[in-house]
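Quick notes on the structure that follows.
The chains carry the letters A, B, C, D and E, assigned in the order they are written, with residues numbered from 1 in each.
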Amino acid sequence: EWTNPVLDKYPTDKVNTTGLMVTDTTVTVGQLHSVTGTMAISETGSVEAERLAIKQINDMGGVLGRKIEIIQEDGASDWPTFAEKARKLLVSDKVGTVFGCWTSASRKAVLPIFEKENGMLYYPTFYEGLEASKNVIYTGQEATQQILWGLDWAHEEKGAKTFFLIGSDYIWPRTSNKIARIHIERFLKGCKVVGEEYYPLGHTQFGSLINKVKLKKPDCIYSIIVGGSNVAWYKQLNAAGITADSLAKRGQILLTISTTEDEILGIGGANVEGFYACMKYFQSLDNENNKKFVAAFKEMWGSDSVIGDVTQAAYLGPWLWKATVEKAGSFDIDAISAASGGVEFKEAPEGYVRIHDTNNHLWSKARIGKMLANGQFEVIAESPELIEPNPFPEGYK
Amino acid sequence: MVLPTDYALAVENLTVSFDGFKAVDAVSLYVDKGELRVVIGPNGAGKTTLLDLICGKTRPTSGSIQFLNRELSSMAEQKIVRNGVGRKFQTPSIYPKLTVFENLEVSFPKGRGVWGSLFFSRSEEVKSRILEVAKEIYLDEDLDTEAEILSHGQKQWLEIGMLLIANPQLILLDEPVAGMSVSERKKTAELLRRISQGRSVVVIEHDMNFVREIADKVTVMHQGKVLAEGSMDKVENDEKVIEVYLGH
Amino acid sequence: MELLAFISMFEGYTGEEIRAIFIMQGFSGLSMFSVFLLMALGLAIIFGQMKVINMAHGEFLTIGAYTTVFISDWAVESAPGFLPYYFPFAMLAAFGVAFLMGYLVEIGFIRFLYKRPLDTLLATWGLSMILQQIFRLTFGAREDSAVMPDWLMGSWAASDMVDIPINGMFLLGTSIFMTVLVWLLMARSRWGLRVRATVQNREMAAATGINTKRTDRMTFALGCGIAGIAGAAFTTIGSVSPSAGSLYIVDTFIVVVFGGAGSLIGTILAAFSIAQAQSILEFFLDGVLAKVFILLTVVGILMLRPQGLVVSKIRKP
Amino acid sequence: MLNVRELNVAYGSSPVIRGVSFNAGKGETIAIMGRNGMGKTTLMKSLIGSLGNSGGSIEVDGVELSKKESYQRVKGGLAFVPQGRQIFSTLSVEDNIRTGLETVKDRRKISDNIYALFPVLYDMRRRKGGNLSGGQQQQLAIARALVSQPKVLLLDEPTEGIQPSIIKDIAKALNEIKQMYDLTIVVSEQVLSFTMEVADRLFVIESGKLIHEDKREDVQEETIAKYLSV
Amino acid sequence: MKSLIYEKALGGRSGLIGMLVLAALLLIIFPIFLDTFRLNLMGRYLSLAFVAIALVLCWGYGGILSLGQGVFWGLGGYCMAAFLKLEAARNIANEAGTDQINALTTVGLPDFMDWNQITELPWFWYPFKNFPLTLALMFLIPTVLAYIIGVAMFKRRVSGVYFAIITQALCWIMELLFVTRQGWTGGINGITDLRTLLGWDFMNGEHWTGQRLVYFITVIMIGVCIILGRLILTSKLGKLLVALRDTEDRVRFSGYDVASFKTFIFCIAAAMSALGGGLFVMNVGFMSPKLVTIEPSIYMVIFCAVGGRMSLIGAVYGTLVVSYGRTYFSEQFPELWLFALGGVFILVTVIFPKGLAGIVESATPWLGKVFSKTGEQQGSQPPAEAVGT
């Protein structure tokens, strides 16, 4: 039977003044992802990473001496369901915090509920920015952190002058491309956008797009294709004779901000070998934190499993929450919200992260990885410093 | 241009072709007011098709159909009905789930529009008219019976009743006694004679005894054309009719 | 507006470039056509002939795709030497597994529903949910894809500008082959006659000596088997996930209905015209507008010809 | 040849055929006469197996068929021409006939005899069955049944909707066929004149029971007329 | 007059009892025993029940299977959401304290337009500034759309499976348009963060004046729709619907314009669905294009089938049972709930084609009458037994 070693220091009525589901020995948190539907592909990794983090935290003695218990809900890739389940977690279950969501659409659907019911959400995905809620900690990168540095790299290192922007048709790719376009046209000398195209989520016929790309011969194919469509996109590129080698011969490259190890598992490494991705994390990152993390992840979820950028960001959530709760000495949402600024996580697999003082996003680095036949990335460039999150960038409106 | 006539039904030069095959070929047919006309002819002669054309189920390739001097050939089916043409199909076509009363009620010629039907009410006038028609078709005892469980002959009668209640000026009947027993045939013949008072009736039949009993005039069709026309006696002894239809 | 976009598309290209684009667009239309046709063939039998609105048709496609992935994985791990040859076997296996599954499903509940075609929609929707969940539990929620033998990869450079994808040609070949096969089976074989008689009037077909239950079962299973082959063929251009089949189902129904249910020629025509129109429009408009435009056109044409492009004229009794 | 014993058929709980027994010898034609709704069609359908029977036996050539499925009964030598013809409307005339070839070896070839018997079918062999007129369909239905080379032919009101001359032709054809193949024929009818031309024996069915039997020679018009009128 | 209300609207004694039981459940039992969260969930389900009721009318009775009913529902919802969003945008503009908002958003413009670089309100958004106009449009837009579809299709005698597939295609068109015209519709995110209606804080969960009030309004509207449905079904029009479902040609040759009847019932169904959509937005505080896709439209048909496609009241129970079952199973057995749900659909269609209403009816004939009484005979669904011998 578990007894709380620090109960004297942190009695329940002190650390929980708002009726959350916190007992002397446990604290219950919610986990809200899609385990069914089209987004299950991407969100499964997040579920697994959060579970791993929670297990590790519990093994270390929990948070304020309390073991974390999980109520998991399935958002079923359906935004209204996300909203319903979010409300359940906050209103009925009174969970201490929620780790969840993947798409921006699901986040937008639950955001009003988190604000209304005053809950806390740790959101793991790279996303479009333009948001800074006191009820959300954004553990993924916002648009500027992923895009600007990557474009600069393509321009400076690869000499790219013309860009073809491609995306799945929803807010994240559209906003990201908007920022990309402004950056290209305003801030990169002599560069221009030669095409911009969107396809619905789940689209699988890219023949026409590929022909357009062939015709425009951009120096950089900039791809923000999301989810299952990735597989068709890369396979068809390959079939149409567009490979990293053939591109290289003409001085072209393909750069993506949406294809991670998770997607490559489905695409097959051979189809993407030599393309580039700009992320903050790759499974192949060579540092001690990451080695431990990868080993632990594989031990828990099988040696076949892979870890993508978002999966790692999801792993940060429970750790950051633990650190914040301990800093605040309280599970109360307001206390956590107030204490979040400046919270660090030194054991982050991506190296080191810190929550921004005011906007609830993370300081993190940007990296370029080159895709390998085995489905992993070779990290070939890395921003020298942590990049400051800036969800409302000036001059990009 | 077709000139006005005294005929109830004046079909002129009517032709319909299905992928080149002329099922009805330049048929002209004139039916008087109050006349009971029987159309006979070999299987496949085009009799049913002719009725289909008159009631609008099939559209003619050429020719005209004048009913009380109104052109029917391009009118919508329900308009044709509302203009006073009733059609009985070869197999009984009634509403199996409704009672006899309801079958007749639904066929009552009021409340035929969407709003009309929404606010239609079962007034005394409606009830008495239904009763009247039910008597005529020998079904006044069975008003509350579900149509589904009527006998075959009764279903045929019910369908005739559903036409009668709208008091049409022209009734088209396709093989009304097929599958009826001898005595039912007799009763049907009576019924037809009665209802042809004051309106025109066109009947298709193969039962010569029955035809003899009811026909004012007989038209014989063959291969889409009119082969002979006249009284039953005349037609029956026509060599061509015997050849193609009656048999020796 | 769109016209303007249309014209401005061509600005700054040489005639040769434009010609090359048209050839490649034409071919991308052809491979889309193959996709549609392969998907629709099975449904043309199950829905066009048997009138079963099989909402789980996509899942039979998925079964075929997973079978292929399974065999490919097996080959990668246990028999790398077999890898260049496995694909034809995988297609056969895909057919077999989907056929068997269809056979069981027919026995399970389809056979009770022939008199209520609209109800088959609901029941098969339930089936599709169950199958998807089975896939999810067995194969995981992530995308999987088969390792392609080398001969299926890359493209054939017809000219300097024109690249014709090999997997596209393979798809085209497969779909033509399957279409001919299905046509021979339905229109020329004794078996096809049994099917056509049975689906039209089960009672009477039985009274002429046809074993209608067996015919029904085999027909349904065959339709599913063909979906399985389609699934195998698709692994050459895309991936498979538990819900992959649902992406195709509506398209497939539209192709079959547009062509005129029950007419193989109609299905081919529909697949061809929809695919080519989509491919050409896609190049000038964005993909979604192209899709919207085509759906609207299809709906419009269906209103003018409610029975689809190819109608067999039978008078109603 | 055909031996029916104590046959019972019901729709749900209401019995329609009640204890019907009769037999028909090789080359014999028997007629079941009866008014509408007396159970003729029901009897025919249960003989061919479209309807299940709740008791009794049906033997063809000594083989018990009452528990078999339709198609097995056809293999056992039964063939059926249903009321309303039930032509496969989207199949060509030729294909319609071909469906009847299930029981024979060569399933493609339609014998010339059939076309000799019904020349109109030859002229229309490429047309869709559904587009034929009623009488043409009736002939097609008989042809479809005959090509299976049955031992027993069941005909349900074959004269319904048929022109007088063809009724005569059908009667002639049936008599010919009977001679040619030594066929047993069971025909249900309401029309006495036709029956008298083809039948060797007549039964009257009423409310699902056979209530009267006569040899053709013994038939008295009045008795039959009594049973057949309301 | 009495007979009009008693016999027709309420369906006589048994119909009245059915209504009372439902009313007791929805108006008394649920509010007493469910917490605000669960009650709100019920409200959300009930807003889907409008479509199920609509489908009883047009599918169960009229034989018109629409697989795109979610479109009408969604249009209703979007109309309501548009109004609420403009109000929300005004609220934000009024409250705008932080420099951030002022600096980064266009005042008074919905947030999603801002994210999509739309700087001015599109013209077709203007009517939604006015509440009465919004209410009118909420019914008008879907009804007019249904009218156009109805006239176009029914005049051409498109029916059965063809109609179903075409409506499915329309549903898809709608989804594509709504999802991709993001600047106008909020795209795949939908229109979110709706809280007040003319200043009324309807999302408030604590008080009777908030979510609970919305719930009661929803229930009352359900009642209105059921009574309206009964009035239609007990009229001659109702009988004609059944008649034309079974024997369309006969109706035509009795002098009726079949197309106009079908169009009428299809329009009624569209308007009812739209009402449900509007109320949905009030229940949940946002509108999502996910609900205008093909899948939810099929679910709606399933609600109707499970309840019993010939039973107006059954449609409500069907919706509640399936929706609740879906929520419950997905919470309790996240891995297995799809099996349960899929299994239920197969079972219901194969074994209980008359749905819950049919089950209740066969279990207790008297109760069954109460449950499914609509003043119309029970439908002609053929029995479920196997074909042939």
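Here is the rule we go by: a contact is a pair of C-beta atoms (placed from the backbone, for glycine too) under 8 Å apart; a residue touches a chain by one contact, two chains touch by 3 or more.
All values reported here derive from a predicted model rather than from experimental measurement.
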Exercise for review: Starting at chain C, figure out the least number of steps needed to reach chain D through touching chains.
Suggested key: 1
Review point. Hey, which chain ends up farthest from chain E, C-alpha centres compared?
Key: D
Point to revise | Taking each chain's C-alpha mean as its centre, the one farthest from chain B | key: A
Study note, to complete from the structure: Per the C-alpha means, the centres of chain B and chain E lie apart by a whole-Å value of 45
Practice item. Averaged over CA atoms, how far is the centre of chain C from the centre of chain E? Could you give it in whole Å? Key: 33
Check your understanding: At what distance in angstrom does the C-alpha mean of chain C lie from that of chain A?
Key -> 36
Check your understanding: On chain B, where are the residues touching two or more other chains?
Key -> 18, 90-91
Review point. Where does chain D touch two or more other chains at once, residue-wise?
Key: 49-50, 69-70, 131
Check your understanding: Considering chain C alone, which of its residues make contact with at least two other chains?
Key -> 133, 203, 206, 212-213, 286, 288, 313, 315, 317
**Study point:** For the chain B and chain D complex, residues of the former touching the latter
**Key:** 18, 40-45, 48, 90-91, 151-153, 175, 178-184, 206, 208, 244-247
Exercise for review: Using the touch definition up top, name the residues of chain D that touch chain C in the complex.
Suggested key: 48-50, 69-71, 74-75, 79-80, 82, 86, 88-91, 95, 98-100, 102-103, 107-108, 128, 130-131, 144-145, 148
**Study point:** Complex interface listing, chain A residues touching chain C
**Key:** 35-38, 40-41, 44, 169, 197-200, 202-205, 207-212, 214-215, 228, 230-232, 235-236, 238-241, 262-263, 265-268, 270
Check your understanding: Taking the complex as given, what residues does chain E use to touch chain B?
Key -> 232, 235-237, 239-240, 242-243, 246-247, 249-258, 260-261, 264, 377, 379-380
Revision key, fill the gap. Residue set of chain C touching chain A in the complex reads 13, 17, 21, 24-25, 27-29, 31-32, 35, 133, 136, 140-145, 147-148, 153-155, 157, 161, 163, 165-168, 236-239, 241-244, 247, 278-279, 282-283, 286-288
